[in-house]
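In structure tokens below, several structures.
In what comes next, chain A is part of two complexes: it sits with chain B in the first one and with chain C in the second one.
Up next is the complex of A and B:
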């Protein structure tokens, strides 16, 4: 009892000091969006518009930081402690990896419309003006003498989409089988001289360093090069079949709980689904989900037959286990191909 | 063949191929255009060259990225440190060594001629750092004076600069000079007021800085150390409460010369009952020469011994100011305690104050947190470091009611007054030499009146990193 009495006064003082100190922690608003490689320009625009809207709505100044790199590598960084309030990654599998690490709720894909993929894209071929090697479809990439630029499927979301698009194409050919698909990919990767870690690095390799005959690229990245960066120097070749790429977004629950930024992060991601957010996506050559915006930009995007991950590969978990996990088909092919 | 030589060899190959294809430059006839097969070969070679260059570029990028992610090891004037790339994990190894000498003025048969000493006053290794971004730690054993004492051992949870929680053993937030690092003291030994505040205690403390250090606060619960004591555990259920509020009102302002002005007020409150002969809750007081000049009565039984028996409070306003080459500091401490000896009880208030002034003789800035010479000692460059002169006046008065029941007036002085003067030569941030002369006079403390004055010369070689 004497101890209790003796502690009462200090405890009250500690509580008072804590009450004074805690409000000071709430000052300042920042947010980190950890994204994949080619979305730099997209999110610069999104962030600028959203921060302005947030200021009008709440009166708070908001600084949104961006981090970009290969999607798989970015997911690894978040798992290892990079404090992202939101992730906007190239594929659901990478967000799932963060969820498996306990930082995002398992049901994250149901929280936002369209499986938390506010825009889509696909994979196309970017070739030099005049398409000197006459590359038309996936089988052309395996021809001897063709140099193909694509990033590393171990670290890059784009590379995985490329790989699976080629695999899916091979399966759809007459007599197509797992064996013929594997043979096609082996042929393609024999023609890959450099494996960059991310899509933007591969664009640099192809466009800035002048290496290769074809870049397997995100459609948005290819359109950016053809229309904005190097008009007249490159062409886009749309293969007969490509893949429906669905970059996904999610709030990182553990981080927003700790930083008290859940409302901000959720509002930010919902903004991507608004007409304004969809317009920004379309302007950066991402295919918008909203019908009105999609109709407005229909002429920008070439028509292409798209296969989906679920339909051909039974979902990302199965696709990853079969192709990109250690010992998967990519390891078998690339090891032999080298 | 190294990676770097490959591009050069290929360049040579391309050039040779081009030369062979295009013919000598001095030929009068224009060279024939390359055949399609030659052009293809050249293009292939160019592509190979570009691929090699790009691979080298990527290897460099990868190497730079790895370097960025790698732990950083550094060694310098602030010691040895290892930190992870993101700074979330750190280990710093620091330490300091104070090699002192104390020479007392007096003849061998003089009562004031205490033993002259060469001693290791402090020999401390400091391990401190961060674990997981929010959790700082510090461990500091001291091997000085032939003993091993754990001085600091605590964890500091730093949720924000305004909100930190410290738990373990450390200096309670009381006093001024006591809270100054031993490496930064103006004098070899602290002034008399430090006798009245606890040295080290075990406790939990909430502390922080507000408005970028303009305001500071600390409030905590401690076992309750006696004046000047360094304890590791408690001997009763009662705890002490300690707090300190500080302000540097002009820290962020532009008022001429007042940025370095600092004020604080601190205090403790606690209780204790049931003291014993070996744990009285009371302490002796010492001079600059570390000679005890006051002690409460001690006996072989509790009844014959003066013990703390009730409340103990301390109160200490304090200030310092550094401006250019000048620095001053002042503090006042009042330590009051309910004491008992046998059936006799009293509430005694002992007080002390000090005022210290310092001036740099060289063109260096005076600082309460240590001097960094602009021109560190370097014989070849004819640089001599920084030199500082210091002077202080301090006094400690014991409550007159302590005598004769609770303290023996024939051996315990009622008051001590000190004049001190000294010189500090800072060779660099890590090494300094100090020389002080401290003269203390007493009231009472001897069978026949006043205890003889003490004049001690203190010398220190100090190295810290």
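Up next is the complex of A and C:
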């Protein structure tokens, strides 16, 4: 069909031009780190230090691009073909999802120390100055008249962690059971007026728009607000029990094989475990793994009893199926389950 | 033997133009949409049904369709009035107001959503006065209607304006001189002339409302069963790695939208034929 051919020709020319333009723009090497929502500032720092080291070592110019969003959404983009050399996501479950799609080797979590989580964090309450609603622990969040801001557990890593932290707290109370935990979560979500899809969006809702009495936040995000963004306007409340959140990192095997960046990507992730990398993480309020760095920054991080996902929930697959999959407890508290 | 004269319309170029039209619509509309159908075939019939008929999905259809319909109705009434004012009166600043009408088209919808949320939330410029009256707009279904009214505002105005412009004022004067009351003029002379265009604008505004995502997610609250629109539910399903469920819901929503738009367009066309024939 001559008409179709004449239609396709300009399209092909356009595609060819685009293909030529890309390498012309990129002098030196590039790498893409696809990360979750609140790590923007952390990786800006990591990237500039690492790029400088890489230049000294190899003489190559290195440009590291970063992409941020709700952890689930980010994993989805990588599965759908976003060419991430490395992913640094909020929870192992999202990296597992990429592995299930065949882009990362199944044993990824054993390839790096500490469950492939170079830094950890936990969930805390960020409240307005003076804590006017006197919020101390998870059960306070379910009180009538309290407005709670959290992202959507269906899409956000932070929200999943804080949902499970509240659940774990309820189980540890005298007479605590699955039923009492569900009751607590039902009460908390009755007080939630808006569910954003990612942690940063929730922070904006709480801090910039002034909505809510308490934000359930990553500890690092809360410390960022209290110490750097709005000093003196907010306070952090540490609940009696919270959860050990392990944001995990992995090299995306399919992509590094194609782009021949395996060595670069692996060096980059291992850099996060070096004293220098750990220092940067600690400065951005992520809890470092390395004992010496941890000791140095001990005063920054409040003491809190941490439960782990493996002990209390039997790992992410089980936790996800029980709580966040369709018909799980999160759906049930909204009356959606069946 | 003489060749039979080929039957063709008086206008040349039918073959070429219909060819380009079909190829264009195929490339831009049909191929992307057919992947939807293919994607949802990954699910079995039972899974498909349970995905599209889940209570959460049903609640989202109700909200999306209901809010879009309400917003389009508001815009139908207000759009007619705005068009009337802009075409029938001459006053200083008319061109400026005329330009304002198009702003909802040009503004990134996310910006609109954030602005509306700020204004209507409890401490906002308008929300502050509505809250004591017990009216909550931000983070409620009402907020969805407000956002959709905003993005759908230009349609009725812009479809009605040219018709009104071509409608000579003498027609109204003639009716008046024949003894028609003002109400009669509006009802018997103006409305029948304007209705087809207004209906077209209504359908466009409604269609826009069904698909709108950017502005709504900021103001809606996004709570399951209550203030979660279908496009957001589709996004959430995708982010939960439930591609099958997402495409199934998208397909059902698409078919429902198409059926409604088709019916409304037929209605508008019939009205138009009526008006021309009259």
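The rule we apply is simple: the second predicted complex is superposed on the first by the 306 of 338 C-alpha atoms of A that agree within 3 Å, B and C clash if a C-alpha of one lies under 4 Å from a C-alpha of the other, contacts with A are read in each partner's own complex, and residues count from 1 in each chain.
Throughout what follows, contacts are C-beta pairs under 8 Å (C-beta built on N, C-alpha and C of every residue); 3 or more make two chains touch, one makes a residue touch a chain.
For clarity, every value in this text was computed on a predicted model and none was experimentally measured.
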{"item": "Chain B versus chain C as contact partner of A:81, first or second or both or neither", "value": "first"}
{"item": "Which superposed partner A:334 touches (first chain B, second chain C, both, neither)", "value": "second"}
{"item": "Partner chain(s) touched by A:128 [first = chain B, second = chain C, both, neither]", "value": "neither"}
{"item": "First, second, both or neither for A:154, with chain B first and chain C second", "value": "second"}
{"item": "First, second, both or neither for A:194, with chain B first and chain C second", "value": "both"}
{"item": "Touching partner for A:73 - first (chain B), second (chain C), both, neither", "value": "second"}
{"item": "Partner chain in contact with A:209 - chain B first, chain C second, else both or neither", "value": "both"}
{"item": "Contacts on chain A seen with chain B and repeated with chain C across the two complexes", "value": "3, 7, 193-194, 196, 209-211"}
{"item": "Sites on chain C touched by chain A in the complex", "value": "16, 19-20, 23, 27, 54-56, 117-118, 121-123, 139, 217, 220-225, 235-236, 238-242, 245"}
{"item": "Complex contact set, residues of chain B against chain A", "value": "47, 50-51, 53-55, 57-58, 86, 88, 159-160, 162-163, 206, 208, 210, 217, 219-221, 237-239, 241, 243, 269-271, 273"}
{"item": "Touch list for chain A against partner chain B, complex", "value": "2-3, 6-7, 9-11, 13-14, 17-18, 21-22, 24-25, 81, 147, 193-194, 196, 201, 205, 209-212"}
{"item": "In the complex with chain C, residue positions of chain A that touch it", "value": "3-4, 7, 70, 72-73, 75-76, 79, 97, 152, 154-155, 192-197, 209-211, 324-326, 331, 334-336, 338"}
